[in-house]
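Note that chain A is present in both complexes that follow, paired respectively with chain B and with chain C.
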Partner chain A sequence: MEEKSERIVSTGKKHGAKSFFSSWEFALAIIFIAVSAFCRAISPNYTPGNVLREMPKYLGEMFLLFPMAFILLMGDIDISVGSIVCLSATVSCFACNAGLPIPVVVLIGLLVGLLCGMLNGFILTTFVELPAMIVTLGTQIVYRGIAEIVLGSGGSISLKDTSGFNALAGKVGPFPYLFFLVILFAVAFAVVSAKTPFGRSLYAIGSNHNAAFYSGVKVQRVRFIVFSVTGAMAGLCAVFLTSTLFGANTTTGNGFEMDAIAMAVFGGISTAGGKGRLAGGIISAFIIICLRIGLGQINMNPQIILIILGILLITAVLVPNVSSKINARNTKNKVLTRK
Partner chain B sequence: MKRFLSVLLSVGLAATIMGGCNGNTTPTNASGTASTSGDATSSETASGDEASSAAAAEGASAKGKTFAIVTKAAGNPYNEKEADGFKQAIEQEGGTCIVKHPEAATADAQVSVIQSLISQKVDSICIAANDENALQASLQEAMQAGIKVSCLDSKTNKDSRQVFVNQAGTKEIGQALMDAVLDISGGSGDWAILSATSQAANQNAWIEAMKTVMKDAKYSKLNLVEVAYGDDEPQKSTDQTQALLSKYPNLKVICAPTTVGISAAAKVLQDKKSKVKLTGLGLPSEMAAYIGTDADHSCPYMFLWNPVELGQLGAYTSIALVNGTITGKAGDTFEAGKMANSPYKVVDAADGGTEIILGAPFKFDPSNIGEWKSVY
Partner chain C sequence: MPEQTPEKKQSLWKRITASREASLLLVLIVLCALIEIRSPEFLTFSNIGEILKNNAVIMIMSLGMLCVLLTGGIDISITSTLALSGMTVGMLFKYKVIQSTGLGFLIAIAIGAACGALIGVIVSRGGVMPIIATMGFMYIYRGLAYLIANSQWAGADALGSFTDFALSSSLGFGVINNVIMITILCYVVFFILLKWTKFGRSIYAIGSNREAAEISGTHVARVEFLVYLIMGLLAGLCGALSVTVYSSAQPNMVLGKEMDVIAACVIGGVSMSGGRGSVGGALLGSLILAVIAKALPLVGIDSIAQNTVKGIIILAVVILNVVTKRMMDRSNLERRKI
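Showing the complex of A and B:
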């Protein structure tokens, strides 16, 4: 199994120390160390305590990164996750204000997310000819629309009793619960993508879904599961977001889908499918988070921070392409000179 | 297997770096304690300052302190004027000012900004909130960290702030608008109000305030013929203005306390070369073409708040909070530099918290409209 999937995935790369040190993930780890050192140098307040305290705000988005990486690996895309976060957060707030105990509220939040994800999956697997971009653009508008109707004219709801969600935002020492949960999910998703037949079938679908189908991969079933899980993870993100915002409004979750896609792409996961590893996405998420916190602490204009992140993203996509082109040209030249 | 190993390794790497940072804590902590001890000394000197300044006058010194203002979004000219005023006042008093714009005009983005300011150990945060309730957790965390929190322009709920710097006292607006109607009409005659929607809370409060002011004998010759509702839609406001003109031939003044209504009405009146004059609350940029005292212009003058002064008051409020001159309780008073209405007083707000009211709205007339039309 591994032999076969390996052939599809990494286009003939060999195992070994050399490939590890030349891998994109290794480069990212170096960048991460450099970014941490850089931030420490520019801001005296960039201490572990402060970074961990500022981090929960950003960590929640990583719940979206994991399943988004899966979706991108399949060559699909889901741009409705931000809206699912909004709807799920809204419904959780209403449930909490109705006096339900916090475990039930959390469950409702997850369930709303799951249902939204299942609807995405249902539409995409029933009408397979529809592009995921367009379908999820539609559901993005629908989910946010429903949230806006539920929120009513004020466009915002706040928790009456914040104690339950406050408990969710608790910490073990300096580490928020969220941090452990993110690590847990990171390991789980990484293992699934790298070690299980299900994970390998994602790569197979992304490389060539027809070939995968004729090799016996249940393409549509895998897609349905991944989109449903994405919804549930968006629900989880919403629950933790609510624990920092104590409420929801019509702008909740705006742009989260793009953040998740950016983290994944920066991590070397191709939007065309079949290429990349979750580990890259995870390291790149921490690079982006640390850079945002560090530059924020020296009060850099947020628009400039966004521009820097944008340039980094384009560079990250460009570097592998350019280097492979240069490699290709070099071999071509060699061939020519030999003639 | 190798792949799994590399994943583990990467996670491990991240962990080591975390750990590495933790390892660094010893020196950092040392610097941390150094800085806190520095803080301690600075607060000592500050209390010394306070004592001496209290002895000298009530003037508040801001030396050695850092004051932050958080806007609603970057590129909002109205907010930027507020930040300018805030910065001016803080720097005049010798303090350090941080102007922070969130990445987007959302409460979510403001949370990151507040968290970053807590890390920077600023002395105060003055914020124009994008959502009343969503900032509660982070602002309370800031207050627990000893940071003084106030808001200006757009308030947070009462639990997330110590005091709100309010640009618009309802009473003050009612008074200014009634005086304008009295002045423009020449002291007597028919006038009408063009409002937004019939449920708009701020509109109704201002109209109520105007009616209360009108009970005074000075205004007895004024006759309010109708309150029309243009629903803050340009077309409907235009229609309502035309209806007012045809229904009341003796109409002298229209007062539109809404930016949409006033600009729609201004266009109708000016295009028709009507003798009816206009005042109200409007945006200088939209109204510049209509403001003038001659027959060619429909609006002699109008009002809105002055964002620069609002920012300045926010600054003096922050300084007073940091120096302990006020705590945000109703009844506290403080000096606000050379500002017109200084000293200011903290009063109870309608939401159960407290507020400081800037004063009467700012008047825009032909003499200053040219300068303000490019601002907001």
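Showing the complex of A and C:
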């Protein structure tokens, strides 16, 4: 267990070279380079062009990472995002098959996601005693259940006319549109979390939500906004997922919530709230994506990739914990010998 | 915790609504009565036996989850542990490495306990948040189950005599099915464990107030380790059970059911922040979920809408819980005014 009292909100700016090199983000950047080199060594097809071509399959999940990072910073959790992706993808497929123009379809997808997120936010802010884990567990089952009802007995739908979604999957040079959108959102979310009062209030809520409340942060309003935004981003993820899958079924988006949480935690964002930076989450997302692409290229069993990701996740949290424990013990011993 | 009220005499209705288990029991009875009116074949001996047998896995694992939740933790790796132990036993029978049913169960339990112990060490000694640690192991154990399966699966013919265990009632004196008997045994053991042993009470103590428990001499790390070990052990047992009940071993078995186990506990009044919950609550919670799942087709709700109904019921129960708690608090406050 992390102890809340150890958390220090620094007042002064840290700009020294030492703090930069000892930061978790710097370690992640090195891991990223190491992973890229490793993939290049094991797979001859691991070239920038190929990586960019395969990336859209995985990039969509990053839309879930940004708001999930916000939620984790507040000390909450949302495990319903995968189901929102499923429901939103299903509804937009139906809308597209009904002959609606593609901008309307995209809007409908976003709207479905937003509504789901708003429902999460509404329940959580009306009944503040309830833990987010339980509420989103319930809505997770409900949203996927609704998608199952909509899909009917067949359990899947495929697009009749893929031209609209093909346009979404277009490219500028080697870069897919999606890539620019991800960068855009990454910058936007990073700036909001680091530079705006809203972003700082996320950290305040995560560190101590009572203290935040008494210092004038509108805790419940912030939570409602963040959960709603999460829903809308899940809708966006669903739209781009549809543009690569050209359809939806009852298992669409299965496990996406876990992937998003894993990316955030690997990036140094604590699930206890109030600790971590979005930059770490973004680098770790690219590490995981590159690893998946590289290992996928040498036809490695997807289950082994899952095992590797699980081990990475646990070590990423374990190593800083254990090393800080050893540090604490050493300083304690020093104090004792001085006496 | 029931609050001490100044008046000794309380009306029966108040006593029922104040006790979580009694109100759940009431809900279960009303539910069963309603279904019985709609379809009279519901409350037959064989049908109840069937429900219990098919939900034994969820019922047993909710006991372990109860302990984990009581300490304020969570374990979402249980179904992966189940798949790993079940798959191993299935493969051992398929390739005729072992023949005896008892040995199969022992191996499954040992694998489960080892899986749980590893999680326990990481959580209690490594200080990793339970949700993160178990999420990692959820991937790892499920992946290992696929590796052991090696794109094979064990069917009824491969399992041979192992499947007979779920059909016979040798443990239950020829009356009660073996699987149900094991479930009952587990519940009795855990009822005693949590109510009357030092270990059980220290689980509650940790969940109520970790620092206070630590200072008053509870080995927090050791108890936490044991809780995850027990959870793994039960998941391993359930691995063997689900192989015999469904007479097949596949690497994707009971995928995603860990949420059902957590939901059963939460419906049964177990608090996710620790320290509150009981064996009776876990039993009633998992029974209510089981009855609902069985009853929906009987009362004419399409099987396709089952998940939606289940989710809405979970939400309704937890929200109702909060509303009644608020009402109780308010009436307690009013009573204090003179």
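The working rule: the second predicted complex is superposed on the first by the 324 of 339 C-alpha atoms of A that agree within 3 Å, B and C clash if a C-alpha of one lies under 4 Å from a C-alpha of the other, contacts with A are read in each partner's own complex, and residues count from 1 in each chain.
Here, a residue touches a chain if its C-beta (ideal position, glycine included) is under 8 Å from a C-beta of that chain, and two chains touch if they have at least 3 such contacts.
Small disclaimer: the values here were computed from a predicted structure and weren't measured.
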item: First (chain B), second (chain C), both or neither touched by A:Gly152; value: second
item: Chain B versus chain C as contact partner of A:Ser36, first or second or both or neither; value: first
item: First, second, both or neither for A:Leu137, with chain B first and chain C second; value: second
item: Residue contacts on chain A - larger count, chain B or chain C; value: B
item: Touched partner set for A:Gly310, first chain B, second chain C, both or neither; value: second
item: Partner chain(s) touched by A:Leu168 [first = chain B, second = chain C, both, neither]; value: neither
item: First, second, both or neither for A:Lys325, with chain B first and chain C second; value: second
item: Partner chain(s) touched by A:Ile183 [first = chain B, second = chain C, both, neither]; value: first
item: Touching partner for A:Asn301 - first (chain B), second (chain C), both, neither; value: both
item: Partner chain(s) touched by A:Leu107 [first = chain B, second = chain C, both, neither]; value: neither
item: Residues of chain A that lie at the interface with chain B and also at the interface with chain C; value: 2, 254, 301, 303, 306
item: Residues of chain B defined as touching chain A within the complex; value: 1-4, 6-7, 10-11, 13-14, 17-18, 21-22, 24-25, 28-29, 31-32, 35, 74-75, 98-109, 111-113, 115-116, 118-121, 130-134, 136-138, 157
item: Partner chain C, residues of chain A touching it in the complex; value: 1-2, 77, 123, 127, 129-131, 133-135, 137-146, 148-149, 152-153, 254, 258, 261-262, 265, 270-272, 301, 303-304, 306-307, 309-311, 313-314, 317-318, 321-322, 325
item: Contact set on chain A toward chain B in their complex; value: 2, 15, 20, 23, 25, 28-29, 32-33, 36, 40, 44-51, 53-54, 57-58, 156, 158-159, 162, 166, 169, 183, 186-187, 190-191, 194-195, 241, 243-247, 249, 251-252, 254-255, 277-280, 282-283, 286, 292-293, 296-297, 299, 301-303, 305-306
item: Contacting residues of chain C [partner chain A, same complex]; value: 74, 122, 126-129, 131-133, 135-140, 142-144, 146-147, 210, 256, 259, 262-263, 266, 272-273, 304-312, 314-315, 318-319, 322-323, 325
